[in-house]
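Paired with chain B in one complex and with chain C in the other, chain A is shared by the two complexes that follow.
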Partner chain A sequence: MNTKRRRRRWRWETFLPYLLLAPALVLLAGMVYPFGLGLYYSLTNYWLQYPNRFRFIWFDNYVNLTSEPLFARALEFTLGFTLVAVVVQVGLGLAVALFLHARVPGRKVMRALMLLPLMMPPVITALMWKIMMASTNAGILNYLLSFLGVDPVNWFGSKQGAVVSILIIDTWGNLPFVSLILLGALQALPTEPYEAARVDGASPAAMLRYITLPLLSPFILLAVTFRTMDSLRIFDVIYATTMGGPDDATTNLQIMAYQYAFQWYQMGKGMAQTIVLLVLVVILSSVLMRLWNRAAASTAQ
Partner chain B sequence: MTSQAMLRQRYLQKAAIAVGAVVLLLWTVFPFVWILLTSLKHPGDIISVPPKFVFTPTFDNYAALVIGEQHGQYSSTRPDFPLFFLNSMIISIGAVALSAAAGIPAAYALARFTFPLKNALAFVFMSFRFVPFIAFVIPLYLLYQQVGLYNTHTGLILAYQLITLPFTVWMLRSFFQEIPLEIQEAAKIDGCSWLGVLTRVILPLSMPGISVTVILGFMFSWNAFNYPLMLAGRQTFPVTVGAIQFISYEQVLWGQMAAATIVAAVPQLLLSLMVQKYIVRGLTMGAVR
Partner chain C sequence: MRLQRQWLAGLLLAMLWTMGGLPSASAQDDAALAYYRQAKIDWRQAAGQTLTIGLNKHPFTESLLPLIPEFRRLTGINVEYLILPEAEYFTKLAADLSQQRGEFSVIMTGPMRNWQFVSADWIVPLDDFLNNPKLTDLSWYKLEDFYPALIAANRYSGKIGGGVGEGPIYSIPVLEESYILAYRKDIFDQYNIKVPTTIEEMAEAARLVKKNAGIPGIVARGTPSVASMGTGFISGLKSYTDGQWSELDAKLNANFHDPRSVKFTEAWINMVRESGPPNWANMQWYDAMEAFTAGQAGMIADADFFAAGYEDPTKSKVAGKVGYALIPAGPGGKTYAGLWTWALGINKAAKNKEAAWLFVEWATAQRTLLNATIGYRNYDPSRASIMNDPRVQEIMGAWGGGSYIKTVAKNLETARVAWTPQPERTRLGDIWARALQEIYFQRMSAADALKNADAEVDKVLKEAEIKP
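This part shows the complex of A and B:
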């Protein structure tokens, strides 16, 4: 009797965590199903306007991408933009964090203010800058730059201008993310290594190079990981400002997939481009997470 | 080094810090100030050259947002901004409520039980954070049109689970793990079942964490743009998609767009001050505490 009851109880408890997870897993399954469907569509020529031609075409969509000039450019822009955005944002973010850490008056107020761009809807951020980046002399940014002797910039109208504009807007919204992570990490650093270095007469630059940066490395890698993932998939800002133009100069893989799927209704092709982006994200994120784990393990020792 | 040179160096250092602080402050705050000013301008002042810092303020743009009218002129295709605001509220609150209901037990399981597949399941939740939205939105668009979820609040709340559910599970898990195991063991000795541990120990002790998670989840839902762009229609657009409607083929209604961005930003500005200590933790899904 007693053992029987205990066994029943044991059985019930083994399933308990799964039962607790069930509602969330059901919701997840509801998302995995459409994703599987999309994966299947990427192997078809699904074109919404011609449902009768629907056919399974294996990997033709993927193979055809290699001969699609826009795909090569979108891939190049996706990777190039990510590289530049991550370098700029993590570099400047580190500089801002070090600056605020160095006893700048009003640091707390500055920290609170930096949360505001960070938590703005990215599309709203883009619209705000779109207002400021009007290409005429009525645009406040061009007006302010004129005091520095800069001629009016054609922000969204020229190829380079559009790329730079999107970089500026994305940086405004996400620089605080990097700065706040690194500022928090700086404030939690142990003081002993610095005291020892000071006794040895180390210069501030040497302390930065040999103490601060190694100790910060897991946090820097964390910021790089998150920023890389988000930059690869940047969409809202581009959609609200340039829509991928001018002349496809700011078309990344996600914008391209959007155009194929929702402007030309070629769902199969759009889905194939999406899967390529997803594979890119998975590869880069696993590499970065491995680096991050290694850095975290080495500083923990 | 002479004392005069040292004095000069210290003076230069202070000046550099002051310049840096001012630049950082302007870079962060000026866009908000300028958009606020723009939202209070008459159309003529907005396009004036050079830009005006001093002008007669007007609330016309805000009035136009609410009643859809400017100087007695109605536009037939005017964006219905109060409706968009209401939609944002409904969808965001619905999305966090559903995520909290499903996420609290899930986070409890992942934080306090050991079972096969535990880490794999936790990773699956995390991985949704990194999937390009378009991978979901293309099939969801097709599916929603078939089953009648397209352009409905329910459909959007379900789609928003992609944003809020992984976040809620990971955040709550990190908060639940902070509760000392001893308290839980003591409760078990006193005869609490797993449910008692959840309702009498975990939930009361992590109430601040749950509130933070709910607020941040609401903010992420509020920020969402790409899912509603494809899955909502004019009756269900949230403010993010609504604000972009002020750009049409004929013209951009700069003043009203500025007013719309201010209105769309206000809940975010207020809430981010409330949960400021936890924002970095939220944005990294609990990885940075």
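This part shows the complex of A and C:
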């Protein structure tokens, strides 16, 4: 009888917390399992069409990456594109936010229009631009440029053109995101510092430099963090327009991993490349988050 | 009780009456299905089962879909399908085949893809189904009606480096695709440009079109993918070397650096750079085809059946203005164009293989393929009887003022699968296409780029344990 009661107590009191935690644990497992599987595959020579040769090969996939010429180019493009895209998008986004914050007529309409690109799936955005960016005068963009006396631009057929085209498409799709974050922040800024500055006779430029930007800096860093993570992983726009070409000029790590895993079925290699990208994203975003914490703390003071 | 019985009798009568009303509809069915019922097999042996079919987005697919209800009525088998663009299709297909879940029972495949699937043991030979009298009435099905070259292309012994045309048949061809030259006859006539018979003449013709008509002289596929290599380019190179050259030699060493291959590649790339469209390096097959159809090119060396689009006056600006000729030949004066057939095969992991075969048999039956061609523009026919059908002859005979049919017939005398059988054909082609881009963008000389491609292919073949 004594043992019976103990068993019952054991049952309830031990299991209840786990029971309550179960949904969270399932969710966690659901997140960790695919990641763990990917990590495991990256340490194997998993190759879809040769299932019988499946072997654990430790870090061979990672070591072999260093002798893969495409990897260096893809890494370079990934980092270079991210740098340029973030600078352009956050810079322009800030300009647009400041513009919409000012009392310009019709800004409500413009704000609504800004939402449009955000609602479009990136693949649709990319395909729409691809049609507009046809290389001959049949493309509407080149047709419009011809009125400005610009010769037809070879959008996707040249290496520089392809890189610039992808930058334009990605910026068009993500600029509103940056602008909206910064616009929201601008509208929440305290008014006292501006009133004080106006009494002191500060110029608008000085107010921007010494009040707005410092107060905005945590939000700018937040936008930079988001855009950095997204730009490092950009895939859909490239996939829908150039597939990494021409001459691998727009191949980033994501596209390269896709080719290895899904075109050539070398899952192990593809996974290893994805893990490298993941490490890159984690490192860069943790640095940016630290900067953000610091900026947030200093503006709070 | 009696009332109930009366009511039941009334109901029965009513049912009989409604069924009596039906025959007008099912008589129509019978007329359509009568052809299939001539076959001495039980079409309904798998009734009630459900098949899933993997389809690539292609004119053939468009022609098959409207006919599928007929198959349902004939066999009682439910058909579901998934259609994906080519790249996504083969990715999804490999995922399904490799996990052996048997999601797709019937798949759309073809010779080069079969090499990969056979080496991985993912698809089944169809001979057992063909020779099973319960499943196939051969005297009705008439396998011999298919062009022998197309059946041969889908036979494979499983040997690496050879064995095409030998061994079991892995898929039944639904269309024929080989590669010919289509050119703007109006422009060629107007400026006295000679229809090219060598690669040098082809480059010259492209130059003249661009100079005189102000449009690109040639359009071609150019993306860094195997899809860019297997049509006009490989056919030109094969012909240039009188059919002597292969991308892999007898010991499976990559052979891109062969001087003839280097010379042809240089000529081709120079032609495309000087007289081609500015976006060659980003051109997929449909970009090239659309450019030609829109009147934006003087020549295109690609799939013969694209003519169906060029000659469709509702969509094409060049209908009636196109001439057709063989791909430029080599010193021997003969053309050796590549060959491909889209074909239907059966997944080894499929749970209902008999039903799957019934679908393949129905889809490749003479009447089905004839309807697909006449009713829904599935070109070029894989069966001789369809090619010779007066209605088909009338349509295709008009293309290019009759030059189309003659060119295709002549071309098929020597056309053959251009690639060397081995499971890494896609990868090899991707490497090769990248080399072409390096040459086009003048990052490397043709000799260097092709030599590098050789080394890379050797590396992959060793890694895949295809060669020691």
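Everything below uses one rule, namely that the second predicted complex is superposed on the first by the 275 of 301 C-alpha atoms of A that agree within 3 Å, B and C clash if a C-alpha of one lies under 4 Å from a C-alpha of the other, contacts with A are read in each partner's own complex, and residues count from 1 in each chain.
Everything below uses one rule, namely that a contact is a pair of C-beta atoms (placed from the backbone, for glycine too) under 8 Å apart; a residue touches a chain by one contact, two chains touch by 3 or more.
Owing to the predicted nature of the structure, the values given are computational and were not obtained by experimental measurement.
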Chain touching more of chain A, residue-wise (chain B, chain C): B
Partner chain(s) touched by A:138 [first = chain B, second = chain C, both, neither]: both
Chain B versus chain C as contact partner of A:236, first or second or both or neither: first
Partner chain in contact with A:121 - chain B first, chain C second, else both or neither: first
First, second, both or neither for A:262, with chain B first and chain C second: both
Partner chain(s) touched by A:155 [first = chain B, second = chain C, both, neither]: second
A:99 touches, of chain B and chain C: first, second, both or neither? first
First (chain B), second (chain C), both or neither touched by A:50: second
First (chain B), second (chain C), both or neither touched by A:222: first
Residues of chain A contacting chain B in one complex and chain C in the other: 48, 136, 138, 262
Chain C residues touching chain A - in the complex, by the definition given at the top: 87, 91, 94-95, 98, 116, 119-120, 122, 222-225, 277-282, 294, 296, 423, 426-427, 430, 434, 437-438, 440-441, 443, 464-465
Interface residues, chain A side, partner chain B - complex: 13-14, 16-18, 20-21, 23-28, 30-31, 34-35, 37-38, 41, 48, 96, 99, 102, 104-106, 110-124, 127-129, 131-132, 136-140, 143, 172, 176-177, 180-181, 184-185, 219, 222, 226, 229, 232-233, 235-236, 239-240, 253-254, 257-258, 261-262, 267, 270-271, 274-275, 277-278, 281-282, 285
In the complex with chain A, residue positions of chain B that touch it: 17, 20-21, 24-25, 27-29, 31-32, 34-35, 38, 46-51, 98, 101-103, 105-106, 108-110, 113, 115, 118, 121, 124-125, 128-136, 138-143, 158, 161-162, 165, 169, 194, 219, 222-226, 229-230, 239-241, 243-244, 254, 257-258, 260-261, 264-265, 268-269, 271-273, 276, 279-280, 283-284, 287-288
Residue ranges of chain A touching chain C (in the complex, touch as defined): 47-51, 53, 134-136, 138, 152, 154-159, 162, 241-248, 259, 262-265
